[in-house]
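In structure tokens below, several structures.
Two complexes are shown next, each including chain A; its partner changes from chain B in the first to chain C in the second.
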Partner chain A sequence: MALPIQEILTGLSLGSRYFLVAIGLSLIFGVLGVLNFAHGALYMIGAYVSLTVVQNVTGSFWVGLVAAGLAVGLLGAIIEMGLIRRVYDRDELDQLILTFALVLIITDLTRTVWGSGNQTMATPELLASNVQFLGTSYPAYRLFVIVVGFAAMGVFWYAIQRTYLGRLVRATSSDRDMAALLGVNVPRLYTGVFFVGSFLAGIGGALAAPMQAFTPALGDQVIINAFVIVVIGGLGSFTGAFVGAMFIGLLQSFGVLVATGVGQLLPFLAMILVLIFRPEGLFGGEGQ
Partner chain B sequence: MSGETILGLPARRTALVTLAVLVVAPFVLPTFQTYVLSEVLVLALFATGFNLLYGYTGLLSFGHAMFFGGAGYALGIFLRDVAPMLPFGGATPLLAFVIAAVLGVVVATAIAVPVGYLSVRLEEIYFAMLTLSFSMALYTLVNQNYFGVTNGSDGILVLLQTANLFGFQLSLYDRVTYYFVILLVVAPSMYILWRVANSPFGLVSEAIRENSERASGLGIDVRRHQWAAFVLSAVFTGIAGVLVAPLHSSLSPGASLHWTISAEPVIMTVFGGPYSFIGPTVGALFYRYIRWGITQFPLLEAHWQLVFGTLILVIVVFAPRGVSGLLTWVVDRVRGNGGESA
Partner chain C sequence: MVNDSHEDTYRAADDRRFAEFDRRDFLKASGVAGAAGLTGFAGCMGGGGDDTLTFGAIHLLSGFAAVYGESAQLGYEMAREEINENGGIDGSEIGEIVYRDSEGDGPTGVEAARSLVQEENVDGLLGLDSSGVALSVAPVIEQLQTPFMITHAATPFATATEGENAVGNDYVFRDGVNLAQNVYGSAVTASDTDATTWTTIGPNYAFGTQTWDYFKAFTQGMDLGYEYLDDATAYPELGASDFTPYINKVLNADPDGVITSLWGGDLITFINQAKNSNFFERIDNVLMTVGAATDVLRPMGNNMPDGLQAGTRYWFDAPDTEANNTFVENFRDRNDGRYPSYNAQNAYTALYLYKNAIEGAGSTNADDIIDQWDGMQYNAPVGEFTINSQSNQAVLPAVWGTTSYSEERGITLLDPVERIDAPADELRSLLEGTDLPAGV
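Let's look at the complex of A and B:
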């Protein structure tokens, strides 16, 4: 019985990291209507920022985590104000191309600053040990990542469903012009949403940094998974992003048991099946 | 989009002059430039084939690498595994190439028929995502070497040889010879695409792009038409795919099937302008020569992604109709009619 629990935990910790990217992607699409190709690149920047803060500045993983979130959030806000804002009324293709150009630019700049080689980061000391959990021994850090993923979903759900700001976001996402007429400062709200989405991507990248060696190509791998997740869950649906992320995480961790490489193929097959039978995604629908 | 002008110039005359220039070019240009021009021709066909679906029918495919690379792989595998067994004597290298190329286009078409049938049932961003996931599924299959013939991430070599046609030596791998092979295929392909775009089929496509509900109201079977446009677009993409593999002498999942390859015709189309026939070709020309220009400066080459990204950004933000939109505008101004046409 030890084996399935290991796989489940691995799947959930993968899923939690995916969720932090997918939720931002989904939020930005749901509210702003922009499919942000550069979201994976923002996640990648998060990993590098936390690496630098931890190695060269403070030595504290926790400071690195917060710094990564804030730095990437700020970068996102600047991108929204400087560029994305200009193409809201344009074709979807124009928006996609613009954010694709940003991928090229961000990746190149990252390579210039940090080099293109493999980077690794130590697991924070507090979480470096293994924990006895449900009869199996499992790295504490991965459990921590799972906790963060679930906590992020909880906070997010509460903020959107129960707070005033959440109501504004929902109102603006369903009818921008009406919200503006009712006095919502739409441009500022859009920048705020982009900040929050980017902030979560930055946190996701920082969390991933101690778990794998990474290069500036990290963003390319992540964005495709994030696309798969939000499409399976339903573009713009937060529940969908969560379920989709966990589903894909589990699919990949169990796929490895079947045959090598199946873990990479299964997400695409799942996405094709979902799109064919339920194009709006499992939790998608009008409005959100 | 009046059918008879290219960039505001008379279409027939412009096409003939261009063709004449292309025929003479390899005799004037250095070999490397001939090679670059070969790439431009192939990319122009790739992008124009893509634009039949995007610019004319209004469907943004983000998975055209599956036809481009899929056709290339079919050609490469045939040339590697089957061609050595063919019994045509000295003509084998040429006939093998022709058979492999036809096979490649057939494979691209065979992929497009079911994928297109399923994809056109979705709209806009969902259509883009579905084509993306089909193509990434194929990428993963080839990359993991599931069929045992693709050699995984190492890719395969595609080498053409010298055909001996009754004493006449035809070195297909020669840059200039292969340039003419490409021109011989691309020129008629572009002509056919032009005819298709300006036929009732093209008009119906544009009607669907502008308003699919109204088109449906006119009695057009929208799905069936989109499916046909999808397959047709894949056929021409496949032709570009079988031409490019021997030009590069190699195929790999990363350089043939990855989603970044699907992004290339999209970028070229946006560069050139999606709502005109010639836009993608102008885009391909710019795309390839900008890359070549960048390689001339070591500092720029080290940061070509940055330069390229910035350029795309500037064009998207400031020239929404692309370079051909700008050129048309300039031509119109120069000729003094000042009217809007693209």
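Let's look at the complex of A and C:
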């Protein structure tokens, strides 16, 4: 009985990590209409900022986590104001080329500052042990990541559906010109949305840092899964991003038991099926 | 990943091109033209008259394993400066080492090799960090007729000429331990344990699957009576962020021993996640074929578990020879005290092998260099070795040891460390009846 629970928890923990990247990607596309290829690079910066703060500044993982979110959020806001804002009305291909250029620049700058070697970070002491959970022993840190993923989903759902700011975001994503006419400061709102999406990417990267070795290529590895998830869930839908992320996490976790390599293959097969039978994604076109 | 259809296209194009006008014809033609004063570049093709030599190196210089290419660069540049400070090669300086990024991709590696020879006019080629890339590049080297010293990629098929999948040829050599030699060391190490049921977790490409195939073949050849849990083998993708599903799969099969060929960042991620799953408490015997790589040990610090069996292709503490001690001391002086990786040592040695061959032949002609390398004996930091003239492979011992963190030196050491001789005839004999070449 221990194995299925282990696999479920592993799948949810993978899904939660993916969700924190996919949600930002989906949010920025849903509101701003920009497919931000540099989102993975922002996630990677989050891991490095967290590492630097923990190793060289405070020694506290928690400070590193918040610092990573804020630093990457700020970086995202600067990128939006300085570059992305200039291509909102341009062809999607121009946006893709611009954000891809950002990937190359951010990756090279990271390599210059931190080097190409593998970096590792210790698990925070508070969560370094295993806990007994549903009859199995499971790393506390992974359970924490699952909690963060579900909490992020809850906060997002509440903010978008129940708050004034959420209504502004939904209104602006539906009709930018009308929102502007009604007095919404659209440029500031867009910068805010980019900040929040980047903040989540930074938090995601910081949470990943104690779980794996990472290099400046971390973003490349993450962005592919994030794209698969938002395609399955529906571009612009955060419910879709959540369901897609958990679905992919569980597929990868259980796929390993089926056959070699299947754990990596199944998400792409799922994406192909979704594209054929429901091209807008499982939750696409539902306005959230 | 190697794209076979692209490969076929490249090979067909090469066949046509070289059928019409091969490099030998080109050299002759340019020699004649040079003599007539019509061209001045014949010298930099190795024909004399130019006082610099140029080498081309193909490595992973981007992506998650870029550190391996950078380690090799440290070795090349150290050798280049030493050689130039001591009079160069036969009086000629090594002008430049032209680096190209293979991106871990076969066709990209092939294009890099072709560009280095045809556009950069290099006198010799070096490099390759991936077995998959080596299998794509080796056949093209035969067409380019330029010497290639492989410094890292370990698949025996890249230098072997026997067997249907072997792609070795006269121009491809290797100065590092190949996979067969390394895994033979793991089989000898396994034979000292009481484990009888084995499985593997390795990267999902040639290196991972071949490691398991060779381990089974060697231990069967040694009549160790092992049971192999093929259903429990796990091959995660390169650069996977989470190995836990694979760790769970292996743990569920409850083997006595696990051999892992994971490397670089993947090995670090695996070890950290395996520790969280109590993997090392539950599996008594874990063999890591390239676990003793400084590119892994340095970032791991004191997080590497003690008491694991780890292999490597070069270990900075062994052998205790003047050549090795001087190399390590000079390398550390140049690189903020860090210990040289096997990639750095193999790269460093490769450039000296060119020096020896060119000086021995008195020429940079490709055929003269490969003639010199056949059967060459060389005293490298890794130890004294001979390049087997039959296989073009350096006959080297496998290095295996037990991990033990040293507070004093700030890195995990192999203590004790053992150099396990892997004689060519022994390897061939153990692999007899299989379709696996020893490549030595």
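As a working rule, the second predicted complex is superposed on the first by the 285 of 288 C-alpha atoms of A that agree within 3 Å, B and C clash if a C-alpha of one lies under 4 Å from a C-alpha of the other, contacts with A are read in each partner's own complex, and residues count from 1 in each chain.
Note that a residue touches a chain if its C-beta (ideal position, glycine included) is under 8 Å from a C-beta of that chain, and two chains touch if they have at least 3 such contacts.
Quantities reported herein were computed from a predicted structural model and do not represent experimental measurements.
What does the overlay on chain A give for chain B and chain C, a clash or a fit?
clash
So, does A:Gln221 touch the first partner chain B, the second partner chain C, both, or neither?
In the superposed model, A:Gln221 contacts chain C only, not chain B.
Which of the two partners, first being chain B and second being chain C, lies in contact with A:Asp94: first, second, both, or neither?
In the superposition, A:Asp94 contacts chain B only.
Would you check which partner chain A:Asn36 touches, where first means chain B only, second means chain C only, and both and neither mean what they say?
A:Asn36 sits against neither chain B nor chain C.
Based on the superposed arrangement, let me know which partner A:Gln212 touches: chain B (first), chain C (second), both, or neither?
Once the two structures are laid over each other on A, A:Gln212 reaches chain C alone.
Once chain A of both complexes is superposed, is A:Gln264 in touch with chain B (first), chain C (second), both, or neither?
Touch partners of A:Gln264: chain B and chain C.
Is A:Glu7 in contact with chain B, with chain C, with both, or with neither (first, second, both, neither)?
second
Taking the contacts chain A makes with chain B in one complex and with chain C in the other, which residues are shared?
220, 260-261, 264
Going by the contact rule at the top, pick out the chain C residues touching chain A in the complex.
Chain C reaches chain A through residues 62-67, 70, 204, 233-237, 239-242, 244-246, 248-249, 252, 264-266, 268-269, 272-273, 276-278, 295-296, 298-301, 303.
Provide the residue numbers of chain A that touch chain C in the complex, in ascending order.
Residue list for chain A touching chain C: 3, 6-7, 10-11, 13-14, 17, 111, 115-120, 122-123, 130, 137, 139, 141-142, 208, 211-218, 220-222, 252-257, 260-261, 263-264.
Could you pull out which chain A residues touch chain B in their complex?
35, 83, 86-87, 90, 92-94, 96-98, 100-105, 107-109, 112, 220, 224, 227-228, 231, 235, 260-261, 264-265, 268-269, 271-272, 275-276, 279-280
Can you check the complex and tell me which residues of chain B touch chain A?
Contacts found on chain B: 54, 60, 118, 121-122, 124-126, 128-130, 132-134, 136-137, 140-141, 143-144, 146, 259-260, 263, 266-267, 270, 274, 303, 305-306, 308-310, 312-313, 316-317, 320.
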